[in-house]
Amino acid sequence: MHELKEYGAVGIEKCFNCGNCTAICPLASDEYPFPRSVIRRIQVGQEDRLEQQLDPWLCYYCGDCSATCPKGAEPGETMMAARRWLTGRYDWTGLARKFYTSLAWEIGSILLVALAVVVIILFFHGPLVTERVELNTFAPIEIVHLADWIMAGTLLFFIATNVFRMYWLTVLKDRSLKIPLSLYVKEAWHLLFNAATQARWSTCASDEQDPIEKRRKRNAWLTHILLVSGYGLMFFIIVFMLPWFQTDNIYPVHNPQRWLGYYATGVLLYGTVRALWGRAKKEFQMHRFSHPSDWIFPILLLSVTLTGILQHTFRYLGWPLPTYYTYVVHLAVTAPMLILEVPFGKWAHLYYRPLAIYFEKVKASARKHALSTTEAFAPAD
Amino acid sequence: MSEAKTNPPSRGELLKQLREEHASSVERTQVLFREQRSLQQSICQMIRETPKTVPEIAAAIGKPSHEVLWFLAGLRKYGIVVEAGMCGDYPLYQKVEEK
Amino acid sequence: MPDKQKAARKAASPDKEEVRVGVYTCHCGGNISHVVQCERVAKALGKMPDVVVARTDPSFCSDAGQAIIEQDIQELGINRVVIGACAPSLHEQTFRNTVTRAGLNPYLYHHVGIREQDSWVHDGDPEGATEKAVRLMAAGLAKARLLTPLEPIRLGAEKGALVIGGGVAGLRAALDIAHQGIRVTLVEKSPFLGGRMAQLESIFPTDEEPRQLLHALIEQAAAHPSITILTGAEVTAVSGYVGNFNLQVTQHERGLSEELAEALLAACEQEAPDNFNYGLTRRKVVYRPYPGCYPSTPAVDWEHYDGRPIQVDGKAVVLKDKPQVHALTVGAIVLATGFNPYEPRQGEYGYGEITEVVTLPQLIRILAQVPQGEPLIWNGHPVRDVALIHCVGSREIEGVHTPQDDGQVNNYCSRVCCTASLHTALELRRRFPEINLYELYQDIRTYGRGHEEIYNQAQSAMVHFLRYRGEKQPEVAAAPPGDTHPALVRVVDTLTYGEEIEVPVDLVVLAVGMMPSPIDALVDMLKVSRGNDRFLLEVHPKLRPVEMAVRGIVLAGTAQGPMNIQESLSAASAAAAKVAALLGQGRVELPPFVARVDESKCDGTGACVEACQEEGAIALQTFQENGHEVRRAVVTPANCTGCGACVGVCPKRAIDVQAWTLAQYEAMVDALAMDIPAFAEAEK
Amino acid sequence: MASNPKAKQPKILILATLAGGYAGADSTGQAHADYPANTYILPIMCPVMFPPEFFVRAFERGIDGIIIMYSGTDSPYKVEADGTAALVNSSYALMKERGIDIRRLRLAAICTVCVKPFLKEVNQMVELLQGIGFVKDELAAPVTASA
Amino acid sequence: MENLHVDALVLGGGIAGMQAALDLADQGFQVALLEREPSIGGKMITLSKVFPTLDCCSCITTPKMSAVAHHPNIHLLTYCEMQSVAETGSGFRLAVVQKPRYVDVNKCTGCRKCEYECPVTLPSPFDRGLGAYRAIRVPFSTAVPQTAVLDIENCILCGKCEKVCAAGAVDFTQRAETFEIQATTLVVASGFELTPLNAKKEYGGETLQNVIDPLMMERFLAPTGPYGRVLRPGDGKEPTSIAYVQCAGSRDQTLGVEYCSRVCCMYAIKQAMLISGALPMADITIYYMDIRTFGKGYEQFYQNAQAMGVEFVRGKVAAIREDDEQNPVVKVELTEEGRIIERTFDLVVLSLGMVPTAGADGILSLPLGEDKFIAIPAPNANPCETARPGIFVTGTAMGPMDIVDSIITAGSVASAASAYIREHQKETAYA
């Protein structure tokens, strides 16, 4: 319990297990009776049981549980903390745990990576063309792209290993289930579908009776999905299409390069500002107990977005030096965001969540499968 | 006690005073009373011959079931309506014949 | 009131006037009428001879219902009243008052119980129940025809009360009674006042020091001019009745003179288990249970003192108990005999077998002996993990729990253990911040004002809660040697979806319930009753919640059932109010149910005198009559208990117990046995 | 009953002391237990007031079974425990003389909260009477047959 | 109205106030009992049967009401409102308003002719608004005093009542009258209110017709209830499945009521048993967190209910919605199994808790505890003394409690108040 508190849980000890949170939750089910399933495991200190749970990932923190909790035990926040804890558990490097439990570690690492980026650029940048904006001369696209790929590769490595750990803990460890390979394929669409639509979150809103609450929840979901789309798009563009994107050519406005970029930037700006605004005002249940990690990621993302916009603006204005400087700053925030936050930080939920839903579906159909096979072989009486 | 010289107001004066003081509540209550009377009449009309359940009456006169039930509770209390058996899970109500 | 006088006159000579009976069958708000068809009963009774009116009502005991009866008496000239309603113990007195108000003698009324003994026990047989009601009412009618007006026996009452028990309830009751100008004798069995409360260290919800509160009470009581305190004393004989109880109180010698006491205390070497610490420690046989106790003079533990001399100033002093007998006469008795903590069976949760298992009261005494700031060591091990098990000796289920020696299980809730154990858990947390605490409970019953807050605090203090079901109790086992902890608690935890959870612990604390103090002798002497739970039984929890069925005896505190201190105080004050109301006037009225001799029939056989076992109740006297000497029996009403031993043996049927005559019983039997044509007819 | 006459039930009279059996019967009621309705409970102070003839008279009037529920040694009356036992013995003698099955009269100590013992006594008597029938048949039979 | 001088003034004519008045009067003190409603009896008189004995409630209450009305030492003052209090050297002086009944108490015989003739029907608070009475009425059948009272705010002044009254008791010329009571000591017995039915919006109280409060169920179970049987108020259907939601008004931070109301477990179990009697086919389920049957004989009562087939399920109901047929649907986690269910019932009873009645404490400026009930500075020494000397408190004004405990505290307050009276009168006699 103390450990979870370091991950930002509040009030778990107050819970007297009445079950209100689980019953009010629009997403909980008999198989995944959270939040209480999570709270109880924490209360009795069953770490091994907790790390095998998918439950925390299935929650989107609509906050109903916390709002209606008779004891003020903040079950929603406990779920949040459990996600952080699980991120730490899945991560074999131990970095995630450090980042979540120590602000100094997190900020320090970010600064370190940023510094590294600045230092690298300082040593390896191309000539500074001051007459006009020649970004690709300053930062040769091949090198950046290469760095980009290296970074993406590292990222992928960490993500893949951590995801495998997650798979091992939550699926493989459960010996009671034999999962035919075919099911993984059959249910795979859930992974993509949920990653893309966050469909599960929208059920939070669709079950809500109160129209005002319903609108709030729907808006929250919409904001989130916009943010994800913008983020995903940007990520895709800069990892796979950097040469197309980072260019000194100025494309006409109708060119997809322009409007895709603008769209992504726009929604990122909107989404992060809204997220930060909400956290500052604490208007939502989910924003009442913001953990440092909840602040840092949107701040980073906002900085990335803002520096991107600035850099873009300077380039169009034809101001070479400001363009280069903001570019450096842009990279200096982008890199830690991607390197640190994605595999070890808040943004890990981007893939853990859809994966959890995917595993859940796989397990469910395996269970169904097992049932139907035993039934089929059961002697008729 | 009060001074001897002020005569207590007469009964007529007191009643007049009462009417004036309560003019608005009397008016409001009269509206209520008229609604009640017509509703009561239509309910009684319906169940004069054959007993009916609350949902049946409610559907027929277009009023919410709970309001009809409240009316029937009152009519029952004052002996205007009686229970007359059950129809499934619903008791039937019938108007008492006037003597 | 001329009406009343007239009615009274009428009633005074019933032989000469017609009997006019009113019969009233009560619906009892549905309690009776849901089974017994009261209207049919009334109809059948209405057709019987002498019945002038037979009515029913939703509740005759209500003001409106009583008014009906009063009206009938005054307007219809009803002179006998039969009421069929709840048990006579509940409302007989209510209706006696009703008929008295209407001007009728209160003993011209008869109450028939048709609820507890009819509608409530025959709800599967409405026909049978209705017929039974008719017969019982007909028997009542038969008796009513033969009733005669009677006057209660008025006796002077001693304006003094005896309070048995010197714990918090007894002290409170004594003070409250004394405040009303009534003398009080407080008798406490042990040599010191304070009872169980003195053994506590802190009380919820205020965290006050119990002994401080007690001392405020004791000081007032000791200083009150109307209170006499007898410690080391017990009631050894009782006779008499309300207003005039004669008691014998035997008081043990304190054994020590004021001057020698301290020296003796210092010099005494013999030891005995210290029951103030529940036998966990030993103390001298000359002892003070705790500093600041009252009386402050040490006492001798006569039970354990072996009679050897104690050397003081070179002298050998032998202590001798010379019990002193006090005779007392009091008007009322308050029973504040308190409780004992439940003593777990040998082996129950490992109690008595595993040294790590103690009871909650023991733990409180253990903690009292650990100096503040020092660690808790038990059996030489530092205590790191503590499990507190709730409901030990409470909420037991027949067939699941092992019965006690008397074959019973304690199926009641002891009310205080939940809050007490959470309160103690908080104390543990405060003093030993590193300890892990586990509460094993069935339902947390922190019902009182400020108690739920204690539950909340315990949760905030990281106490772990595990919930077991009554049918599946936790198990306590000694851990195998070499284990990290000496004991192991296993519990099927319903909060964790019925999974079994194992908790290694250094100390297991059993939150034991309350049992009544062992007062068998007192109960036998006073002829009072106990409930199924073995606690003393009130007449009715709502109508007369602190009175016992024997008039003049009231209940205060945990003698009646589990209570916390606040509740004990309230109950004690309530008992005091009853005593004050009873004795305030200096006289009491007793029902006139005593033997009465029919002079015209008695010829002095003396059989009655022989049969009577009450002292001074009946004697033969010689009278001069028409020049002849005749011997006749004469009853002294104040000494007669109304048992009727004289009635059965009189060959002449010349003696009867007033209002309970043999002739009335014969008439009742006839009514029960006869066919009821009227009832049958009424059905047609 | 007149319209649909049930089989006639034997009648059981229960004489119950206020300090014992009567309160016990009230407790039974408070527990909402169930027992047959052909049981008529009359409150008494103490059974010693009845002469043996009283019981025989009751049987002759058509009471089929009598249970005396007294307080035994817990009684407020000194005379109750022994006196009642003696009374019952002399009543048995008289019943035998009249050819009445002595099992029709029973003595039971019932306390104020004795719900189970109360029910047991009542049910035993009910069963007994189902076996041995109405008292009037017994009284009608020639004495020699029963002797 | 004449001014009164008494030893003790009891504020509130519920069970605690009545018992306190009786216990004081039995000791020979002069007592005034002040009640703001037209009849004494309080909440208790509205109940059907009482736990754990299942005695008919009016059989316990009405004799006490009657005893209060007939006691020579008790001045019964109904339909009176306390206006102000001043401390005098020898006690308290209160200004009290006798509200006009528009009926002469001395003439009215309680025949209810006026009530039958009155044309205006109103929801009767005695039946929690689910039954009806008229603008002029005897408040309920066992009211004390058994006298009609006219609700002038809902009267059309048609004068029918005046015409039909044979006793000539109806009197439209009555006006509120102020009088004075001097008392050595005050006993506050102002009682409780239920937590509001709509306190927790997830439960739909007041919007869902078939989600009711427990006092409504008491009225349905009482023989004098509004329907004469148990029906659900939404559409008059006889319910065959009924759920009890425990702690619907207590032990819940979101309601602002964190304490336990003490009685809800027992009344729910009692009602369940009574419903089983009235509707033998009905399924009854009680959703609870902790069952708190701590009183004498209560645990046995709980076990009896279990044996009778009442279902006890551990889990706090999270929300109640309504299906198309007005049936409430309860959503709850079965915490012992970790399953979440939605179950449809005909009727849901919210086991609401107790909050203090507003009023007396304000006029008397008595400090309150955190729970808003009157503060008791020394509960373990003087359990019914308030922070103001000479003012005592009893019954549910001092916190939630059941009838048994209320009656005990009433006895206790009688002792404490009488000691104070004797002490004080002695002092003033010397002075």
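As written, the chain order gives the labels A, B, C, D and E, with residue 1 at the start of each chain.
Note that contacts are C-beta pairs under 8 Å (C-beta built on N, C-alpha and C of every residue); 3 or more make two chains touch, one makes a residue touch a chain.
In this text the structure is predicted, and so the values were computed from the model without any measurement.
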Touching chain sets, computed without subunit E: A, C, D | B
item: Interchain contact steps from subunit B to subunit C (minimum; 1 if touching); value: 2
item: Taking each chain's C-alpha mean as its centre, the one farthest from subunit C; value: A
item: C-E or C-D, whichever has more C-beta pairs in contact; value: C-E
item: Chain separated most widely from subunit E, comparing mean CA positions; value: A
item: Per-chain Cα centre nearest the global Cα centre, belonging to chain; value: E
item: Intercentroid distance (Cα basis), subunit D paired with subunit A, Å; value: 84
item: Subunit B and subunit E: spacing of chain centres that average the CA atoms, whole Å; value: 26
item: Centroid spacing, where centroids are CA-atom means, of subunit A and subunit E in whole angstrom; value: 55
item: Separation of subunit A from subunit C, taking each centre as the mean of its C-alpha atoms, in whole Å; value: 68
item: Per-residue multi-chain contacts in subunit D, two or more chains; value: 30, 32
item: Multi-partner residues of subunit C (each touching 2 or more other chains); value: 123, 444, 456, 495, 497, 531-532
item: Residue ranges of subunit B in contact with subunit E within the complex; value: 11, 14-15, 18-19, 22, 25-26, 29-30, 32-33, 36-37, 53-55, 58, 65-66, 68-74, 76-78, 83, 86, 89-91
item: Contact set on subunit C toward subunit D in their complex; value: 87-89, 113, 115-118, 120-125, 127-129, 131-132, 135-136, 139, 524, 527, 529-532, 537, 549-550, 593, 611-614, 641-645, 647-649, 657, 660, 662, 665-666, 668-670, 672-674, 679-681, 683-684
item: Residues on subunit D engaged by subunit C in the complex (per definition of touch); value: 1-3, 6, 9, 11, 13, 19, 23, 25-30, 32-46, 48-51, 54, 57-58, 61-63, 74-80, 83, 87, 111-113
item: Subunit A residues touching subunit E - in the complex, by the definition given at the top; value: 16-24, 28-30, 33, 36-37, 67-72, 209-210
item: Complex contact set, residues of subunit C against subunit A; value: 444, 455-456, 459-460, 462, 464-467, 493, 495-497, 501
